[in-house]
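Structure incoming, see below.
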Amino acid sequence: MIVVAMVLMTLGTAFVLAAAIGVIRLRDPLQRMHSATKAGTLGTALLILGALLTGTIDRTGTGLLTLIFLLITLPLVAQVLARASYVSGSRLEGIGSDPLDGELDRTDEMLR
Amino acid sequence: MTILYALTGAGIIGCAIFMILSRNLVRMLLGLSLLATGTNLLLFLAGRIGSEQPPIIRDGAKALGVSADPVAQALILTAIVIGFALTVMLGVLVLRAWRSGGTVDAREVDAAEMVGPAQERDDLHG
Amino acid sequence: MTLTILSAVLGLVLAIALVLAGWRMVRGPGFADRVIALDMLTAIAVGFAALTAVTTGRGAFLDIALGIALINFVATLAFAAFLERKRREP
Amino acid sequence: MKQLRRLRAICVLTAIFLWDLVVASVSVARIVLAPTIRTHPAIIAVPVSVRRPWAVALFAYFTSLTPGSTCLHVSDDRTRLYLHILDTQDAEASVARFKQLYERWILELEA
Amino acid sequence: MTCMGDALLLTLPVLVPFLGAALALLLRKHPAAALMTGLAASGFVLLASVALLTRVMVDPRVPLTVFGGWPQGFGIGFSAALPGSALVVVTALILFAAAIYAIGDIGPRRRRGGYDALMLAMAGAMNGACLTNDLFNLYVWFELALLAALGLLTIDRRPAQIDGAIRYAAFAMLAATFILIGVGMIYGMTGTLDIRTAGAVLADSPASVASAVAAALLLGGLMLKSGLAPFHLWLPASYHTAPTTVAAVFAGLLTKMGFYALLLVMVVIFGVGRGAPGGAQLTPLLGGIAALTMLLCVAGALGQTDMRRILAYHVVAQVGYMMAALALGTRDGVTAAIFYMVHSMIVQANLFFGAGLIRRASASWDLTRAGGIVRREPLFALLFAVPVLSLSGIPPFSGFWAKLFVIRESLDADMAWLGGVALLAGLLTIVSMSTFWSDACWKDARRTSMRAVPKSGLVAMALLSAATVVIGLMPQWLWSIAQLSARLLEGQG
Amino acid sequence: MFVILLISLIGACVMPLAARVIGRGAGLVIALLPIGLLAAFVSMAPVVERGWVLGEGRNWAPRIGLDLTLRLDGFSFLFCLLVTGICALVVIYAGGYLTGKPRQERTRFFTLILLFQTAMLGTVLAESLLVMLLFWEATSILSFLLVGFDSRSARARRAALMALQVTAFGGLMLLAAVLMIGHVLGSYSMAEAVRQAETIAASPLGTPIVACILIAAFTKSAQFPFHFWLPNAMQAPTPASAYLHSATMVKLGIYLLARFEPVFAATGWGRGVVVTVACLTMLVAALQALRAENFKSALAYSTIASLGILTLLVGLDGPAATVAMVGFLLAHALYKAALFFCAGVVLHATGQQNLRALGGLARVLPFTALACVGASLSMAGIPPFIGFISKEFLFEAQIESSWETAPLAIAVIVNAAMVGVAGVVTLRPFFLGGAKHRELRNGESLSLVAPPLLLAVAGLLISLDPDWITRVALRPAVAAVYGRAVDVDIAVWHGLTPMLMLSAVVIGIGALIVRYWRQIHIRLRGAERFDRLALEKLWERSLRGLMHGSRALTGWVQHGDLRRYLLVVVGGMAALIAWSVIAAGAVPRLPDAGTLRLAPALVALVGLGGAVAATRAQSLFTAMIATGLTGFSIALTFMLNGAPDLALTQFAVEALLVVLLTALLMAVPLASPATRTPAMRRSDAVVAGVMALMLVAGIVDMAAGPQGSAASAFYSEMSYLGGKGHNVVNVILVDFRAFDTLGETMVIAMAAVLARSLLMRRGRAAQEAAQPSVHFSFQAFGRVLSWTLLAASLVILWRGHDQPGGGFVGGLVAALSFALLSLAYGVERAERTLRAGPLTLVGIGMACTLASGLPGLIAGRPYLTHLWWEPVWFPKLGTTMIFDLGVYLVVLGAVLAFLFGLQREATK
């Protein structure tokens, strides 16, 4: 059990690190958002799961609640951030056609 | 660790002071918020650091074992909330200044220093 | 014991992630980049809470994890709302 | 019977959700950790069949999980979702996948 | 008197204003009810504080209550050691006078803005600061006073008020930081927040960098609060923007609260006057600060024609005298400082009251435009002469004794030069205040139509003027209290 | 004597009311008071005559060293006679002089005059120097009020201010002198000071004491260079001039000098200074008296000259000088008061003061002319008037003193000038120049002419039969001043003495001056350089300079630039710390290095990095994000060091700051162009850096010191047993140190009041704000998430006593839930959901918090003693919960007050 816990924790942390690297390396805010929210949150979820499995903590309920809340809010945060990035005029790398053009107001110049 | 934290706290305070000295009122406001943060870190050192254990009595126990100093934490908790109230209050003042004068440059927000007949028109109240 | 060491190592990794996210927050270039990096911090903080809970064996830190998740989520939304609205002004 | 169908839909959706989450994260991590970043981002419009607002929201929600896709915007008449896709070669395939994988079950719920 | 009675007496000066503030807040939509709440609470606090002082004078055992019923040193304690309980009475007197004055000065709009709640909160803060034994608690009261002050300052939302409040807030937040770090360091060094215990621990330990830094931080922070030069700059930039009643209460209470804390910290914790390690190195500096404050701020007053600004500068200059007394580092110096503080609180508040009435009558804050009071409002002119003369140090008013003590003690402490500076500043004060009175009251009004001053204003002024005269005629009474206070402060009571 | 003073004081307050009732005769009625007092003093004559000293003492404030001690000796007695006697005449005279003035003004005048009488009596009767000082200052103030009596006149006000400022300066000097004497002797007794004159002079404070006394005396007695206020003081109504500025008040300086003669004589230089100043005064005054254009100022300058003579006599040694001083004091009071009265009559009658414009009044004002002649003859020192006798004494004193001839020569010249002035003021208005005035505004009346006539006659009678006055007043006075009895022989005719010769010379020169006055006068007036001798211009210029200087200084200090203000504060603070550390001479200590924990170290450094980035950010938004990074890292630091409560609170605060400050940033421009030059930034950085280093030194040294807190140990032990809570931090907050929390709650509440009064309220915004444009999903899920947060906040509140949480965090999280609502649906919706106004929540919360302490108080325990109830059906219930609930409500209400207000303002 403890081994599973440790593996999960390590894996989770690795995901978080990967997400952070993505935030650095990816080229535009929308791409970075994918990395930050998804990989980051999954990593954290695994970390919590691992921590719960170590058996040293007597707060399984809280841990699970955290996990669920994180996972439930993750897509919402992703959507809101994505839209905010878009309308705040972020540079979008490599996007060919933009069907949203005309549908959603967008600042011409990126807010910076 | 103590020295590192002391350097960090004081460094934050130094940066905060640098920002407070700016003439942009919003910058000053952010500086004051930073100032509170740095101060809290220094206060934390007054209780000494060393234990990662929270000052929470374990279930079944009657007294607290080795843990971080609870008094310093209680003080900081108070200080955090007061600092928050002050920061936000200053924010409100800055916003009002912006609404009335259209500027957040401290050099142009100087109505209080200009005393005399000019400002008397509007300050009679019943 | 191994758990403690592992936690320390993982903590360091999380700290590095924090440095990276912090770097993006500070460097931008856009407001959106900074906000996204800020959201990344939530995950890191919750991770730290979980690790601290493991090293100290205290569930209190998991309460904090939940608290952070609840709280920071609103901060992200507030920033997003700011970005949405601020665009209308020159 | 209807309740049962709904329960099944919820279970399926949860399972898809968790699975997709892992897949999404792994794929993002792969992209990120690759020696050179090679992404093909795109913004695509997805027509929506479900009508109830919560159902649309749910659809948008699930599309935001899949490997590297996020709902950017829901059109005001709630007939289209606009997705940002991190790495796609074939936009049409993606649209089809969303409709097939999620919308079907959400329709089930809405019914 | 039982212990229970003590607990009640010590709690009321803080509890009643706070309860009143809560009530006033809930009643804020009904200005008349808020007014009555404020008036009733102020009056009740005055009675309670007089009862407390009487209790202290009657029974030599210092009344003490520890909130929460914990042993002394482990909870926050209030004790009515003398300077505190005397200041509570003065505070209550000023606030009661202000409540009366406000009847004619604070209209429904301001009351709906929360005037009464803010004022009562400030009263509670001031009383708390006077009674508390706890260093951090003192900090909390300072913050409360600050917030209440800012609320009162900006109650009309005028640009000048906002600007003044920003300046005030910026300084105050720096001050709070200094004080807070200082308090934290005291805790870090002594492990206690009880002022006396901390002082005892520090007195027994050798001088250290930490104690030197903490002493400087607390001194600097409290200098900011009490407006001592060169940290006084915020005060003349903000006080004058407030409504009259508010400015009067500020002048009477705020800086004195800062100075009282300064006194407490310097004497009790750092043993100024006892040559204890920790604060002794600062003593020589205090004299310079005092001299600078007196001269710089009197000069400030001389350079103005706006009544409120003149008075604001005098507020600070007066703190300079108190600092001069403290700087002597003797027990009689501390006594003189306490005497001066009480005198100055009453007089400063009264002066602002007077300025407000002059403004009411002549529709201008500018001295060059005011005038004609003696003929239109002879009673007011007479009442106003009392604080004017007292501030100028003319006998037989309280200010004469206050100045006399400062100078006398400076001689006894072999710091005659400081007394000389006080004398010089006194001369300049006379020049300033005689011009003030002559211009405001004596000369002819520029405008023919003058408005009558409200009766409530006169009643408030009469109250404070009477106090000034009583102190002037019976200086020994206050001197004895101050002397006993100084002894208690130094832990020899 | 107390009784006398008391009667005088009460009388001063009561008697003038007569002027309200009675018209013309008021003066006579009111004069009963001074006459009665005079009678009382005369009745003491037998005692004084024997050289006894009457003493009385009352304890006033012995701890301050202030005893209300009075003493009546010969010198005081003489003054008392003058003060009360002349007061009687002044009051009578004023009764006539002020007819036509409104009753209120007359009442005021009489009150002031009688109060002044009291003050004078008090000054000369005081034995304690402090008491003397009290009355001395009172005379200054009353003089101020009397000079400026006609306050409508700018000149009068200016003169009054000048008089006040000069004499108040002197008063402060006297205060200093008295305090220094008290310091040297340990007593404020005047007798003691005189007795120990040598001790005083020999003490290190001897020189300043004497200097202060001399300055005090010179200002009061209008000696050069402080003389200029007196001619200006002639703006006072004439009766007041007669009383204050010739007969009595200005003599207080002489009184002081005479009393302290032993003290300044004991220094090597005291007499020299006094004599020199006296001579200068005499010369200047004589010159100006001849230049004076109008009646009253001629008299004023002659008064200054006379005061110079008196000062000279005090300065000269030997008994004859004392005799001469006492004699001249009396003589001068008599004739100068009379002359002022006459001047007043002339002014009253003609409205004209210019000596060259007046003439031939003897026909219309015969009695006045008569009195004037009498007084002038006395002034000119013509036998058999008393002035002659005093002049004789003067010359005798000079010849007998140890001084060389210079003072003598000056005295001769000055006296000659006095003769001239006396002649001029008599002859010109009354006898020369033809009948210029046919129509008079006011004629003579009994109350106007009786006083000067009485004085003139008194001058004559005394010199013809000097025995009584010599016995009763002069001899005891001389004895009192000189310290032992001196044989005083007053007679008009001493035979042919050198003094007589000198008198003759004086009269001769004087006669010439009278003859050629017009020429001399015009010539002297033409010489404008003498104007400068008046020194009032200099005084006013220096006052103006003071004002300008002050303004310039204040402008320089109070320049209005907030940055420089704050720089002064921070720089000053750093300097203060540096001084403190260096002066304390302690060596900094270092704590044990301990183990370096990498992750926490890195986290802390990220915090520092955020702060640095915040200082360098171009945009305010970036600065805010960077600030947030710091806050976040410090919150993590708290968590990593065993402070979950702190971490949670800090996270909540950071989140709320984001919500609230973005609302601010919504309104203001984000770009913040540089407001400082690079040089400024550098200096700011240096100051900030130094300050930071100081703090590091202090904190590190503190951490190296011994550790251990009794309070912490107690709380750790008692938290559960006494406070029934597992979370020690929370128990501290709601129980051990609940009073802090109470205060903090009030802080937040007041912040809310401020926010509410400064920010827009519901209903103030004209139209409903449009739905904010946010993501559809956000609106779809917003409500449920908001309820989740609200529920969580209640859980946090509830569990706070045992687990991380409590009222603060609970309230903050609850506020976040409303923030969520307002972000998703607009602030209107959030406000509607709340239903109650934020301030109402705050008020209820305050009431809860405050009330939670009352049960304990009612139960006879200290306030905030929490009571617990553990029923079987529930774990535990305590008043702490009410307390924490109050905190929760206050925090929630306050944050919402800010939130709603800021968001409204932002979206306006």
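As written, the chain order gives the labels A, B, C, D, E and F, with residue 1 at the start of each chain.
The rule we apply is simple: a residue touches a chain if its C-beta (ideal position, glycine included) is under 8 Å from a C-beta of that chain, and two chains touch if they have at least 3 such contacts.
All of these numbers come straight from a predicted model, not from anything done at the bench.
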Problem - Chains contacting each of subunit B and subunit E, listed by label - result: F
Fill in the blank from the handout: Most remote chain w.r.t. Subunit E, using mean C-alpha positions, is D
Practice task
Look at the interfaces C-F and E-F and say which one is made up of more C-beta pairs in contact.
Solution key: E-F
Fill in the blank from the handout: So the chain most remote from subunit B by C-alpha centre is D
Fill in the blank from the handout: subunit A and subunit F have mean C-alpha positions lying a whole-number Å distance apart equal to 69
Completion exercise
Note: subunit F sits from subunit B at a C-alpha centroid distance in Å of 38
Practice task
Would you mind pulling out the distance in Å between where the CA atoms of subunit B average out and where those of subunit D do?
Solution key: 44
Practice task
Would you pick out the residues of subunit D that each touch at least 2 other chains?
Solution key: 60-61, 64, 71, 73
Fill in the blank from the handout: Check: subunit B positions touching at least 2 other chains come out as 13, 20, 28, 42, 45-48, 52-54, 56, 59, 71, 75, 78, 82, 85-86, 89, 93-94, 96, 106, 110, 113-114
Exercise for the section: Any chance you could list the residues of subunit F touching two or more other chains? Expected result: 558, 560, 562, 566, 570, 597, 600, 621, 640, 642, 644, 665, 670, 695, 699, 702-703, 707, 709, 711-712, 715, 737, 740, 744, 747, 751, 754, 758, 774-775, 777-778, 781, 785, 788, 803-804
Completion exercise
Full set of chain pairs in contact is A-C, A-D, A-F, B-C, B-E, B-F, C-F, D-F, E-F
Completion exercise
The subunit F residues in contact with subunit C across the complex are 597-600, 602-603, 606, 609-610, 613, 617, 621-622, 625-626, 628-629, 632-633, 635-636, 639-640, 642, 644, 647-648, 651-652, 654-655, 658-659, 662, 665-666, 670, 772-775, 778, 785, 788-789, 792, 796, 799, 803-805, 809, 812-813, 816, 819-820, 823-824, 907
Exercise for the section: Flag every residue of subunit A that touches subunit F in the complex, lowest number first. Expected result: 69, 73, 75-76, 79-80, 83, 111-112
Exercise for the section: Please give the residue numbers of subunit F that touch subunit E in the complex, ascending. Expected result: 60-64, 66, 130, 133-134, 137-138, 140-141, 144, 148, 151-152, 154, 157, 160-161, 164-165, 168-169, 172, 175-176, 179-180, 182-183, 205, 208, 543, 546-547, 549-555, 557-558, 560, 562, 565-566, 568-570, 572-573, 576-577, 579-581, 583-589, 694-695, 697-699, 701-703, 705, 707-712, 714-715, 718, 722, 735-740, 742-744, 746-747, 749-751, 753-754, 756-758, 839-840, 842-844, 846-847, 850, 853, 856-857, 860-866
Practice task
Could you pull out which subunit C residues touch subunit F in their complex?
Solution key: 8, 11-12, 14-16, 18-19, 22, 25-26, 28, 31, 34-35, 38, 41, 45, 48-49, 52, 56, 60-61, 63-64, 66-68, 70-75, 77-82, 84-86
Practice task
Would you pull the subunit A residues touching subunit D in the complex into a rising list?
Solution key: 14-15, 18-19, 21-22, 25-28, 30-31, 33-35, 38-39, 42-43, 71, 74-76, 78-79, 82-83, 86, 92-100, 103-104
